[in-house]
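What follows is chain A paired twice: with chain B in the first complex and chain C in the second.
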Partner chain A sequence: MRLELREVLIANVKWGERTEVCDGVLFVNRNEAISYVSDDPRFEYVDLDLARPGESVRIIPVKDVVEPRCKLEGRGEVFPGFIGGMETVGEGATLVLKGAAVVTCGPIVAFQEGLIDMSGPGAEYNPFSRTSNVVLVVKPKDGLEKHEYEEALRIAGLKLAYYLADKCRDAKPDRTKVYEKGSLDEENAKYPHLPKIVYFCMSITQGLLHDTYLYGADMKHIVPTLIHPNEKFDGAMVSGNCVSACDKNTTYHHQNDPIVEELYRRHGKELNFLGVIPTLEDTRLSGKERAAWFNAKLAKLLGADGAVISEEGYGNPDTDLCMNAKICEKSGIKTVIISDEAAGVDGKSQGLADATPEMDAFVSTGNVNEMVELPPMNKVIGYPEAIANLSGGAEESLREDGSMFVELQAIIGSTSELGFGRIGARWV
Partner chain B sequence: MAYKVVCYINQFFAGMGGEEAAHQEPFAKREPLGPAMQINFLLGDEAEVVGTVVCGDSYYGENIEIARERCLELIKGFSPDLLIAGPAFNAGRYGVACGDICVTAGEILGIPTVTGMYYENPGVELYSNKTFIVKTADSARGMKDALQNITTLSLKLLKGQKLRPAEEEGYFHRGIRKNFFYEENGAKRAVDMLLKKLKGELFKTEYEMPTFKKITPAKPVKDIKNATIALVSSGGVVPKGNPDRIRVSSAESYGKYDISGIDDLSPEIFESIHGGYDRVWANKDPDVVLPVDVMRQLEKEGVFGKLYDYVYTTTGTGTSVANAERFGKEIGEDLKKAGVDAVILTST
Partner chain C sequence: MTREIEASADIPVVQIATIVPIMLTVGANRIVPGIAIPHPVGAPDKGDEVDKAIRREVLERALKAIQTEIKEQTIFNK
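Here is the complex of A and B:
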């Protein structure tokens, strides 16, 4: 399976007469873009705003971030099950507006969205402070149920990301990346002596409002399955999560999964990358056990020597993490864990809600409870009063001058457990 | 003006002798003695050793409270900005004295304190959470490196410079997790670690697994018909308006609320403030999280004796284990005092 990611590099975003890319600037026809996503009867109104790196802008509360992509060649369309149909994706060529992002904004569950600062100390922790953002602010019709609001906003975000890329499909790519990997037989024959690695992508599946979608399927109803890593690049996995912001895997994270990137980079050199197992974090013990046993079984059937296991969220998913590590290790599959810690504001508490000795190779992506001082921003997009209710925020967090003192977990993507960032908690 | 540093050393390093002088009572000199001379040299122009406090190891160990108080007075007399004790290497009594005086001076004078020990020194386990203990060799043969590392760390502390992680600064960590930026992202670090593990090479985990305390469960209730049962919940159901301002996540407190005379938690007087789940149903009927209605029913049917008059509630999402443990201990003691026989814990 071969996929080309044709990247058009975006350094800035501006309103324009038509939606297009010129010399690294993404121009957006505001009215056309708004009307493209406004046809949902559940919206009272839809508005768009722009936020660029370095600006004194705070976006709050952020629900999801999506990278604009569309298919240029090959079967299907991006975000299968939402934008595209059900044909499997991951082949041909995909256009990427690299450096641009769609940010969806709206107080759905009030306390389970995060914030993005485009400059200042908060920007250091946030990958989306460095992207040129088209921000979608949507007000729902009165009385709309929260999960309906979530769904409407989720789909609107995907549509806007597709619209932006689709309008720019004639833009000349600045660079092309090729991701190619054949069947297990082919790869095993090519690299008989390299360690075979599989990747478990643990996803929050605790809905309502805490869900992840695979080809449009609500993952809480599936048993773990296998996908080709290329499918992730085409938006096979979509976030429908309203959880603590720091360690939720936004759709952007899935599209740019750094674990897939890293395993691909070393494929054929230091390892043989078998594939991705999207797996769940059930709320029930039986569900956790089923998923963990299925993951280990799939890994075993694939002939895996090792597994990279990433978590999403914290707290009860720590138990899924432990089970995955334990059952794999007992089956002879070596594991490494990527997870953040909830070590308390003072950093003195143990950082996990569950632990097992098999998790002896642990990559930390930071203490979510560490406090961060965020100065006021000149402009706020969204609903600033939401910080009182964000996970990691408390009413006293928002001061009169607009500055905030919040836990790191209020900053979206700051402790990504896909290992997207460089942060990690260490002993002092 | 140069920062003022006071050094604490034992009788041996003050040149007074070994065991025969170990009962030496505390005294101070307005000059650097023993290793403090080299410390003074290494501190350079930025800081100065203004005094040395000496105490025999046996004296300190056998009269710990008096020794602590007398040494503290002597240290205080110099109004120092920082205290350096030892280094004690693998000397057990000396390590305890160094650790104890550092922790005391830190707590009472509010100054940073630094000492140095070998990892097997019992002082490490006793005091590493409360002072900076620089890693040293097991004996004074490692003096040169020990003093260099101690003064480097001391100068950083005096100048309020940001410290790197403990392993890079060369001290035993204080049990605190702090965020830093690595050179590489987490995904690359993970694949590196896994490849090393697969090859059987040495690898270093970034977080050693915590050991969980095992709690022995209480004995089963013998006489359920006469038992008083309490409801305790991490589901975040509180009286409407959240009067105790319990945080929606990462809770640092819990609430205790009177439910006597209440048969059913109505959404008019109770609500969920929990930050980790969708509250739509809990806010339509708070009993689904905190089942007062069912408990009242069972109470009336005589299934058990009495539903305790108070419920305890907090939010269990992102709440640190240390806080959760404290809540549990306090609530448990409270319930025990009130003669409660059993508890039903509801979580979400």
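Here is the complex of A and C:
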């Protein structure tokens, strides 16, 4: 399976007469873009705003971030199950507006969302302060159920990301990345002596607006399955998660999964990358056990020597992490886990809620309870009062001058457990 | 909290919780497995009648657990 990511580099975003790319600037026809996503009867109104790196802008509360992409060649369309049909993706060529992002924002899913600062100390902690953002702010009709609102906003974000890329499909790519990997037989024959590595992508699948989608399927109703890594680049996994912001995998994270990138980079040199197993974090103990046993079984059937396991969220998913490590290790498959820690404001508490001796290789992506001071911004897109409802925030977190004193977990992607960030942790 | 109440007030505590491994890790002594994280003591998806029966059963099991002498961490299954 071969996929080309043809990247058009975006350094700025502006309103324009047409939606197009000129000399690294993404121009957006505001009215056309609004009308493209406004056809959902659940919306009272839809508005768009722009936020660029370095500006004194705070976006809050952020629900999802999506990278604009569309298929140029090959079967299917991006975000299968939502934008595209059910044909499997990951082959051919995909256009990427690299450096641009769609950010969805809205008042009804107020709890457990996060914020993006485009400048100042908060900007250092999140990757979306460095992208040129088209921010989608929608107000739902009165009385709309929260889960309906979440779905409408999720789909609107995907549509807007597709619209932006689709309108720019004639733009000349600045660079092309090729991702190619054959069947297990083919790769095993090419690299018979390299260790075989599989990647478990643990995803929050807990209902009550804590969900992840695979080809449009609500993952809490599936058993773990296998995908080709290229499918992630075409938007096979979509976030529907209204969860603590620091370590949720937005759709953008899935599209740009650094674990997939790194395993690909080492494929054929240090290891043989078998594939990705998107897996669950169930709300029942039996569900956690079923997922962990299925993961280990799939890894064994694939002939894996090792598994890289990333977590999403913290707390009860720490048990999934432990079970995945434990059952694999007992089956003779070596594991390494990637997780953040909830170690208290002084960093001295136990980092994970659960522990097991088999979990002895651990990459930490930071402490979610670290306190950060965020100065006021000149402009706020969204609803600043939402900070009281954010994980890591409290009513007193928002001061009269607009500054904030919050835990790192209020900042989107600050402790990404896919390693899509710049911080780590040290022993104290 | 479970451990602290037992240690400082000498009052036996039953922990009803869904994710039993975490309870074992943090050192809870009497553990009654719950149903699911969003609804540890019931099953609202099964309708009012079944939900109420499950709630009663879990509670009665917890009350029995609190009166049971134990020497080590104990899980009280159905």
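As a working rule, the second predicted complex is superposed on the first by the 425 of 428 C-alpha atoms of A that agree within 3 Å, B and C clash if a C-alpha of one lies under 4 Å from a C-alpha of the other, contacts with A are read in each partner's own complex, and residues count from 1 in each chain.
The rule is short, and it goes like this: a contact is a pair of C-beta atoms (placed from the backbone, for glycine too) under 8 Å apart; a residue touches a chain by one contact, two chains touch by 3 or more.
Since this is a predicted model, take the numbers as computed values, not measurements.
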**Message:** Following the superposition defined at the top, how do chain B and chain C come out on chain A, clash or fit?
**Reply:** clash
**Asked** Touching A:T319 in the superposition: chain B (first), chain C (second), both, neither?
**Response** second
**Message:** With both complexes overlaid on chain A, does A:A353 touch chain B (first), chain C (second), both or neither?
**Reply:** both
**Item:** Contact breadth on chain A, by residue count: chain C or chain B
**Value:** B
**Asked** Which of the two partners, first being chain B and second being chain C, lies in contact with A:G157: first, second, both, or neither?
**Response** neither
**Request:** Kindly classify A:L285 by the partners it touches after superposition: chain B alone (first), chain C alone (second), both, or neither?
**Result:** second
**Asked** For A:E407, is the partner it touches chain B (first), chain C (second), both, or none of the two (neither)?
**Response** first
**Message:** Between chain B and chain C, whom does A:L208 touch in the aligned arrangement: first, second, both, or neither?
**Reply:** both
**Complete:** Intersected contact list for chain A, partners chain B and chain C 206-208, 353, 355-356
**Item:** Contact footprint of chain B on chain A as seen in their complex
**Value:** 109, 111-112, 145-147, 195, 197, 206-210, 242-244, 258-259, 261-263, 266, 270-271, 305-308, 314-315, 334-338, 341-353, 355-357, 359-370, 389, 391-392, 394-395, 407-409, 416-428
**Item:** Residues on chain C engaged by chain A in the complex (per definition of touch)
**Value:** 18-22, 25-26, 33, 35-38
**Asked** Which positions of chain A touch chain C when the two form their complex?
**Response** 206-208, 283-285, 288, 316, 318-319, 322-323, 353-356
**Complete:** Listed in rising order, the residues of chain B that touch chain A in the complex are 163, 165-167, 173-191, 193-195, 197-198, 203, 205-212, 245, 247-250, 252, 275-280, 316-323
